[in-house]
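Data block below; observations after.
By letter and in written order, the chains are A, B, C, D and E; residue numbering begins at 1 in each of them.
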Amino acid sequence: MATAALKLDNVKKNFGDSQIITGLDLEVLQGERHAIIGPNGAGKSTMFHLISGLYEVSSGKIALKGRNITNMAPHKINRLGLARSFQITNIFPNMTVFQNVRCALLWTKGYKYSIWHLCDRLKKVNGQAHEILERIKLSSMANEKAAVLSYADQRALEIGITIACGADIIMLDEPTAGMSNQETTQAVALIKSVTEGKTLLIVEHDMGVVFDLADRISVLVYGKIIATGTPDEVRCDPKVQEAYLGKEAVECSA
Amino acid sequence: MIENTTMDSAEIKGGQAVQSGFSGAAIAKWAGIWLGFILISLALPKIFDSRFAMSMFNQMGIAIVFALSFNMLLGQGGLLSFGHAVFYGMGGFGAIHVLCMVNDGELRIYTELLPLAGGIFAAILGFILGFISTRRAAIPFALITMGIGELLLASSLLLPSFFGGEEGIAGDRWTEITILPFKYGQAIEVYYLILIWMFLSVAAMYLLTKTPLGQMANAVRDNHQRAQFIGYDPHKVRTFQFTLAAFFAGIAGGLFAINYEMVTAENLGMLPSTDILMMTVIGGITYFFGPILGAIFITFLQLVVSNITHAWMLYFGLMFILMVMWAPDGLAGLIMRHQPIWRAKRMTKILPSYLVALIPGLVMFAGVIVLVEIMFHISLSIDPESPLSIMGVSFKAQAFMPWALGILLLGVGGYLFKLAARRVNQAWKTVLAEIKQEGV
Amino acid sequence: MFSVSNLHAYYGQSHILRGVEFTVGEGEIVSLLGRNGVGRSTTCKAIMGLVKHRGSIVFKGEEVGKEKPHIVARKGIGYVPEDRSIFPTLTVQQNLELGQKNMKKPGRWTLDDVYNNFPRLQERCNVLGVHLSGGEQQMLTICRSLMGDPDFIMIDEPTEGLAPQMVALMGELIANIAKSGISVLLVEQKLTIALAISHRMYVMGHGKVVFEGTPDSFEKDDTIRKEWLEV
Amino acid sequence: ADTIKIAFIDPLTGPFANVGDMGLKHFIFAADRINANGGVLGGKQLEMVPFDSKVSPKESLIQLQRAIDQGIQYVIQGNGSAVTGALMEAIAKHNKRYPDQQVLLINHAAVTPAFTEEKCDFWHFRTDAHVTMKIKVIADYLTSRPDIKKIYLINQDYVFGHSVSAAAKEYLAKMRPDIEIVGDDFHPIGKIKDFSPYITKIQSSGAQALITGNWGNDMTLLIKAGTSAGLDLEYYTFYAGGLGGPTAIGEAGIGKVYQVTEFNNALCIQYKNKEDEDRILAFKEKYGEDIFYLKSKVTMDMLAMAMDKAGNAKPKDVAYALEGMEIDGYYGKTIMRAQDHQLLQPMFMSRLVKQGDGFAKYDMENTGMGWETVYKVDAVDTAIDSPCDMKRP
Amino acid sequence: MSEFIIFSLLNTLIYGLLLFMLSSGLTLIFGLMNVLNFAHASFYMIGAYFAYQVSLYIGFIPALFLAPLGVGILGMIVERYGLRKVHAHGHVAELLFTFGLFFLFNEVVILIWGRNPVDYQIPGFLDFPLFTLFGADFSAYKGFMLLISIAMFIGMYLVINRTRIGLVIQASLTHPEMVSVLGHNVPAVFMYVFGAGAALAGLAGVIGGNFLVTEPGMAMALGPIVFVVIVVGGMGSLTGAFISSLLLAGLQTFAVGMNYSLADFLGHFGIQAASEGFWGDIVRIEIANTRAMIPFLFMIFMLIFRPKGLMGVREE
């Protein structure tokens, strides 16, 4: 079996005296779609922050495709092929929607800090940027300032920026939050298509989305993974039901 | 939403609205603008050939480069520096020291290349100081740069061998070692030298805004955290941007050194730093050409107005404040606001309202001038008793009439202006509404 | 109790609301639906006086359309924004304290009530707002507005980012709020709780109200749903 | 009759505005008197055109540029040796490049010796005694004050201040080897608002007297801090008489503050010089302020005479005319030494006293205090040999 | 030596308290409201001039109250008709605005009171030596300054820590709309706080103007250093401002007394340091002459390595 795309090994994190992540062990396989669910404040986003390098871990080890990335700087991790979105919208407000996406393309296309290229001349990059705008249905807004998009459109842009990084491991933190059912289904379709052949790690509270997307699901409660498995296994796990799904009726074939 | 975006206050933080794609038309347009720019500057000394004009143009050229370099930080990088003159000054010192060596025959370098020396020296320094100061942004950055400026200024007295103490370092640009067939004794020759460097720098800085680094500078300005997650190290981006800005500031400093043949520590102090800040802001930081306007406009005022009145600093301060309040994106912003209307060929619809506003505006302004001048004359002139003359009319400052007149002008003008302003607003509203409907 | 009529709102030159009309009765839960970008949030902002608007807004028989936001609030209208607007540099406790209009007389909702309803907040009471989890922020922002003891509260996207069992809890909470005599205007995308708890609902389209009815009458009416909620 | 414009480049704003402003009044006053007596070259008027140097070499170059752009060919300047240094350089270059537009610099106060010694230049004339000359006067006087054994030096941190310190050390060592120099401080020019830390230092050094070349606020604030700390010290200054000095010093300074100058308002009484007394009164009458300089009059008179002698207003000819010019000043012979363009004039050491004491008929700034001359040196005796060998065009 | 130390300590105390008076207002405006108010030192200057004007007619004691009041009102006007409008355009705009004000105020002051220092004297009834040490006087006025600044400290401490004002401002910085939606009158709060800050600066002017000099340059002279005080002390921390004022004052005062240089130091080890050129300059720098640099060095290091300052409550 190939090395895990992501491997968390007894990762701990505490802020001051309050310990938020109490020993995380998680293995995300190459090419799988892995969903994280769990009550509010369980530490899902924190986990994302730890993996993507925004926070330093207090202890433990994180490996990306077998490479140790514990406490590496975010941009370095990103360059190793990991892209993430944020739960609270996090875009470049004063730049146009188009520029938002294009910037996300620059590094992967190898332009680094170049002062020798003119972005407007980079046919391929611009082409791809427009392509992505198509996918997230923002072409019409291409030259608007990102700041004036409506909330849902900003969420879409958030995803757009993330996928533009061309990473093969994509982490999405509640991508469909604030979308209507209708858009949610579209978003799911989008996510499906863009993560084709890639590894996806997604946090969602919308069970519809989760069960629709995920190959495997891990349940995070108070900083620990209490269960991992296929959607059905998880859905039927009594621990999970009382800890998370609550009285949301779920009929189990078992 | 066009209007909304141009007026959007957030833009004071910067943000080029660069349209993507290089259509043939666009290229033609740019080529046209640049060509015109060049031709005009070449023609200038033929039209105005007084020595005064010459030294003014020279200062403008230098200011343009300096202001643009400053806007690389503020406009494009969202980094407000209170110590940008450090690199202007250090560039100057770099150049002047080289010049001195040339004078002493220790070195043979073409006079034309001195600014480059200044630029490189400043860039090296800029990289070091940039690395330190760009670890923070926003206000902390502003304060760090201010601190560094004050620090160097204070240290200038302690390191006379480099800064030359209060007297500064002087050199003689007439070195006979030149590429062009010039001696650079006369101001006009210096003008052409400055011109060349100005165009090189302006072009370079314009193109830089379109490079990946330039774009990422904007991105980091907007949201440095997210920039990390698309593979960029904000600190590096800022450091590079800072270094480049320092480089061009250094070139400006080098030009200064050539123009005045002496550099003193005050070139790198707080004052030049804030001067350039004002120039840039008045010109407008949101558009690339803003600082150019600012540099030309302010230099002009500094030289011309200060010749006419001693109160000009006061007028300057007033103007600056009014600009910050009513035109946060500067002269450039004021102009660009009309772009949509212009495109829609609707200027005719608002110009009348402008004219209506203009007259009371002038009246009000006249009122201000009269009052300020009177007060200045009474409290500050060598001999208050001597008659004061404004625009040819001369009278006794202590008399009652002028006061009354001034106040009257001010009051009436102000009142009418208020009304007129409403009309302008109305005109705008209607026009923009029309444009929206046709979706022009 | 509360009613708006012929409400228009603008962002700069763009005309978002074009004559919205609706009413909310005492202790009633009314939800406002619509495709996103249609202007539901803008409606709330307009009512609070946060965006340029015209039209009449009557609250307790009093016209508040022209008032400044803080006056509107003091008259007893509460607002929970969709972006939550947690004060990042303040602790949870301080966030709640600011919700209180005057320190002297506490209203229907006290710190204790809040902490009893959401023990999670009590645990985190000294954490800075910026560090709260998405869900925690959602709880906090609602409680903060309740601390101000409003008679009418507008809640924009309350269930966003909440775990299922929290969602259920939120539903109950809102129901209770209404029972305590506070009228509620609920803006929700996913209809997870709206259908369950609201007494009446309005659907917006093209900046106007295009449908009014009870939840079940709405459920029956597919055409409305098709036309105004789905693309 | 058309006019000859003379640029006056001195600080008109900033910390030293008051000094420049005062100077300007003096020169306009002198110019007016010449004009009143028929001007120069048979009726041409002299016009003073003020430019603001902000005591900044850079700024003053910009101003010089402006002056030249207006076609002005005479520059009078004095406040700040740093400025003078810059102007000398710039003017030398300019005269080389624009032979048909040459400019002459007359320095009425910047007294760094170098300007008339190793750095001397044909286009520069100085109408004030330079540092070494003034220090020599002080040292001479001190030979009559064996009681003073400890002296403190405090000066502005720029070329002028340094030259004061250097000269003081040299001449005290020569003429009063027994005096111990207990401190030698330099402070940034025009920046210190509260001198008490320095005063503390002086205090604990046990100095009986201090020598300072400070001017403008640096002088007044220094003495103000000293007197208000009530320390018992004698102040040997170049510019205590300067604007605001007496006011700041106050009663506490009586009998303690000395100055070396070419003029004080008691001389006209002591030497019974009606003409000068009229000048004093006329100035007071016109500006409501006291007159401090004689050199301003001397400067303008010599310039005017030189023009008449040269028969034209070409700087070069005028410069030659000035060289070696001699006049009988109010208080003795006054000579413009040709070798280095340094003016030699009688110098006086005076002490602050109560109005009415001795010859102190007139007071300063309505403080009820005036000057008493304690020591006089004739022009020739102020002379100090100069290494200058001047290149003449 | 001992007397030198005692005097220096006294100087430190006086200079430090003056700095504190000046910066205390800024802890409100810069520390809390986050407005990098360049005009603050101008308010200090205007305070001094007002006091001078008032004391010309009705004496020092009334001036002590009227001048700060006047400056406070001026401050409120500035906030109401200027800053508030600019606030929307973000920090840079605000800062530029106050910067323009600084400029303008300077010119206006010159316009009204001229370029020369005005004769604003220490009131006679406070102008006697309180006690005399080693033949040098400690004037009653210094004692008076001491009292006032202590009073200021206590007063502000109560206001900031006993009311919600601090919270409201803090919150308004990030989400002004939300704060007003919670029923707080944000504009009014800002106006009063800004006014108060200005008034405090004005008071400092009343006290400092006659102790030092009252002249148009006085704002420029103290402008930058007060920022240093706030930053070193920590944004929004009054105690921090108090401590850093004294600290900086101490450093500067004592530095003056130290004529040691690197050369001397090396000298101890018999090392002959370069005496020519750049390095010569470096080794011959005396601590006394680094006086002007010390605060800024301090600030830069603070900002880079401890951005929250000595007692800072929040990261900048």
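As a convention for this text, a residue touches a chain if its C-beta (ideal position, glycine included) is under 8 Å from a C-beta of that chain, and two chains touch if they have at least 3 such contacts.
Just so we're clear, the structure is a prediction, and the values are computed from it rather than from any experiment.
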item	value
Chain-contact steps, minimal, separating subunit C from subunit A	1
Chains touching both subunit B and subunit D, listed by label	E
Partner chains that subunit A and subunit E have in common	B, C
Chain located farthest away, centre of subunit B as origin (C-alpha)	C
Pair exhibiting more inter-chain C-beta contacts, D-E or B-E	B-E
Chain whose Cα centroid lies at the greatest distance from that of subunit A	D
Centre distance in Å when subunit B and subunit E are each reduced to the mean of their C-alpha atoms	30
Subunit B and subunit C, separation of their C-alpha mean positions in angstrom	48
Rounded Å distance between subunit C and subunit E, as computed from the means of their C-alpha atoms	46
Residues within subunit E bordering two or more other chains	110, 115, 289, 292
Numbers and ranges of subunit C residues touching at least 2 other chains	11
Set of subunit B residues in contact with two or more other chains	1, 4, 10, 13, 154, 157
Pairs of chains in contact (touch as defined earlier), listed by label	A-B, A-C, B-C, B-D, B-E, C-E, D-E
In the complex with subunit C, residue positions of subunit E that touch it	164, 167-168, 170-171, 173-175, 177-186, 314
Residue ranges of subunit C touching subunit A (in the complex, touch as defined)	11, 35-37, 41, 82-83, 120, 124, 127, 131-136, 138-139, 157, 160-168, 189-191, 229-231
Footprint of subunit B on subunit C - complex, ascending	11-14
Contacting residues of subunit C [partner subunit E, same complex]	48, 50, 68-70, 73-74, 79, 81, 85, 87-90, 94-95, 97-99, 101, 103, 144-145, 148
Residue ranges of subunit E in contact with subunit B within the complex	34, 36, 82, 85-86, 88-93, 95-97, 99-101, 103-104, 106-108, 110-115, 224, 227-228, 231, 277-278, 280-282, 285, 289-290, 292-293, 296-297, 299-300, 303-304, 307, 316
